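Order as written gives the chain letters A, B and C; numbering starts at 1 within each chain.
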Amino acid sequence: MQSAGFLLLCVPLISLLCESSKTPTGEFPESVTARSCRELLKKYGHKKDGLYYLRSKDNEVYQTYCDMSTNGGGWTLVASVHENNIHGSCTVGDRWTSQQGSSSYHPAGDGSWSNKVLFGTAEAATNDDYKNPGYYDIKAKDIAVWHVHNDNELEFWKVASVLRYHTNSNFLTPFGGNLYHFFKKYHLQYGIGTCNDRGISVPIVYDIGSDMRVNELYGESVRADFDTGYVTFRVFNNYQEAYAMCSGVRPKGCYAQYYCIGGGGYFPNTFCSDFAYLNANNGATNGYGASKEIINAAVFIFYR
Amino acid sequence: MQSAGFLLLCVPLISLLCESSKTPTGEFPESVTARSCRELLKKYGHKKDGLYYLRSKDNEVYQTYCDMSTNGGGWTLVASVHENNIHGSCTVGDRWTSQQGSSSYHPAGDGSWSNKVLFGTAEAATNDDYKNPGYYDIKAKDIAVWHVHNDNELEFWKVASVLRYHTNSNFLTPFGGNLYHFFKKYHLQYGIGTCNDRGISVPIVYDIGSDMRVNELYGESVRADFDTGYVTFRVFNNYQEAYAMCSGVRPKGCYAQYYCIGGGGYFPNTFCSDFAYLNANNGATNGYGASKEIINAAVFIFYR
Amino acid sequence: MQSAGFLLLCVPLISLLCESSKTPTGEFPESVTARSCRELLKKYGHKKDGLYYLRSKDNEVYQTYCDMSTNGGGWTLVASVHENNIHGSCTVGDRWTSQQGSSSYHPAGDGSWSNKVLFGTAEAATNDDYKNPGYYDIKAKDIAVWHVHNDNELEFWKVASVLRYHTNSNFLTPFGGNLYHFFKKYHLQYGIGTCNDRGISVPIVYDIGSDMRVNELYGESVRADFDTGYVTFRVFNNYQEAYAMCSGVRPKGCYAQYYCIGGGGYFPNTFCSDFAYLNANNGATNGYGASKEIINAAVFIFYR
């Protein structure tokens, strides 16, 4: 009798409680709930660097890398700008500029900085361009940037970076909380701005590297063209060619092509590629252009 | 004693019942079970437009957009034909024709209309080509088509469409239930048909737009070449060039290149691109070709 | 009272036990746990050929095809080398050589054999290149190879293969357990080796085919250049052009371009494509090059 009574009570109860752990049909299972690495750290206590699954507001589920330790942790990898062929002029793989060649008909390029097109995987971020839903979904305040040598495997990313830094001024907040919204407002397109626009420069805190190190990473002839200790978004050179990002520096002059990356789709006077004209001097630092260390490293972008 | 008795009975029972909610190893979790938006609506009562996860017969799990309201709802977005570079002649991104240039060696093109290759994401369907497993997996009766302006974000797709319509004649049933099977039978290839073949024309019901509106969306000189109020699949022009789809119209004449999209891979006499020669008049509607509104909108294809 | 006592005891217990079946936030649901088809077979008893979900050591979850019957079963499909345009010289889709044209500036090509870049899906493996995380994640001893005619649907792969074989000598073990590690060590690049290097040849066991059949699949003029009954990795021809894999054969001479596939990115003296110069004689077998049967079939690579 007792057993029977128990069963009458217990079985429906168990079913109900177990049932409640199921996700309704049509949704991704509930084990993935955090929208950012910051949430994984703060709300769920995950403190280990590595790969996690996240879920965007629109329920896009994706795997990415979380840096859970630098400066308090909670950094989400959202993008990697990787140059697959430094000699290719906006060919296949130049997703952060254009894959259509340098073309006056395609002056805004592929638009990856301001659209929701996705590519690549976290694990291959040193071998290919990478962009996940976090790029446009996460509401962030700051960014971190890592220059990680191509081919480097995930377990060595952190220690083997050529340069690592982050911002801590909440600069993203007024621009909508991420680079997607920033570039929606500040278009990347040939001819719509001039060198004097100067873009948005944000002071950086070095995690690996220094002002001196940044100078060494670019060519002698170009060092007078910038101040170190900043990251800058959306600038134009003296030919009105548009660039997305200048890592480690703030332009003073008009030679952005030698030290900025990404951008629009038309570069009639310099060179069209994800890494712009960084290779102008074939990686030698006694003239214009960037060092081999910069040219052969993918640029990782994190949000927090 | 009671407690001990309870535990002896309850614990294995609980384990068993909880266990039953687990999916066997090697399968995607059971929270995604519906094969189409129609099933999500009819069987599970989801009535809200938006993104859901579906599962194909072969257990491919994917996220896509469901229109749960138009004409009874249950429409699954399976594809988007997006023109990324109207001046590029079958270059990167022309997945619905060819990414190999216009080539006599590649007369069937990339074959996306009749193979299982996937690309893009639902969320980026106004910025890139999109094709999910539903395209070949769902057994449908009808299609709906939306022309959604490029860059439009998901929440505005429905209201901001240039043109929206659906069929209601079960036309897909005799062709195997979807466009994949249709095009398996009716090949897209240069030179294997003539303008007189006329393809399969299906009457449409407008959800946004009208016969008059369709006329306005194409150039004056080309309006005499078609009847409005239809969607047509697989036609040839006077040069035996193959086109996949003519949206809103039924060809009477032989100038399909000016108002049809997608197709084979060789267009020696006109222009090879996902949007064919719609740009012949640069978007002006006082001659041949299509309007800027058509040229700058992605073509979404839904099944039900 | 009894009921109340039961509830006090039972509810927390049930919650605890049910809770234990949940995956911690940030991880993929636990229903996918096996790292290879071999594990699915041996540990979980799955004996049916078909599509399953696997999970890499780094928690990358992917769907692929398992052959659960040939020679004891447990074979995981990790890659497909598919030629999308036999006339395209390292164009879009030549991911196993280069998509940048044949270029002296890009002598190692796209590097897919030795990096973690992913592409394609299992279901479309006869229509497009395919590479999943298993390629670099699984620790395997042997490989199996299937030549499956393009466009063939999954249910016919096994029976409709032109040629099928496997190795059984544990040859992968000393090279790190998979081809990723093999090619990390043995680079594919123009000019870094000679025809005399000969690569790594491994004896094969035929599942469909024979030595005679392999001979028939290549041209008459090239048969003297190899021994049948092997699969060979990383060879160079007389021009120091690098090839990844020679299927069914072991080179004796120096004409690898006619019967090997994949490789580096620079082929100044022959032809740059995923299928090398297999099409030298347009598929006729009365001279150099390979048969139409080989040219029109994707090459599937399995691990066990």
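In this text, a residue touches a chain if its C-beta (ideal position, glycine included) is under 8 Å from a C-beta of that chain, and two chains touch if they have at least 3 such contacts.
Just so we're clear, the structure is a prediction, and the values are computed from it rather than from any experiment.
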{"item": "Arrangement of touching chains [line / ring / star / complete / other]", "value": "complete"}
{"item": "Same vs different contact residues, subunit A with subunit C, by half of numbers used", "value": "different"}
{"item": "Angle (degrees, nearest 5) of the CA superposition of subunit A onto subunit B", "value": "120"}
{"item": "Distance between the centres, which are taken as Cα means, of subunit C and subunit A, whole angstrom", "value": "31"}
{"item": "Contacts with two or more other chains, residues of subunit C listed in rising order", "value": "2, 6, 10, 14, 18, 21, 29-30, 92"}
{"item": "Residues on subunit B engaged by subunit C in the complex (per definition of touch)", "value": "2-3, 6, 10-11, 14-15, 18-19, 21-30, 58-61, 92, 99-100, 103, 105-106, 110-111, 115-118, 133"}
{"item": "Touching residues on subunit C, where the partner in the complex is subunit B", "value": "2, 5-6, 9-10, 13-14, 17-18, 20-21, 29-34, 40, 44, 46, 50-54, 63, 84-88, 91-93, 120-121, 123-124, 127-128, 151, 154"}
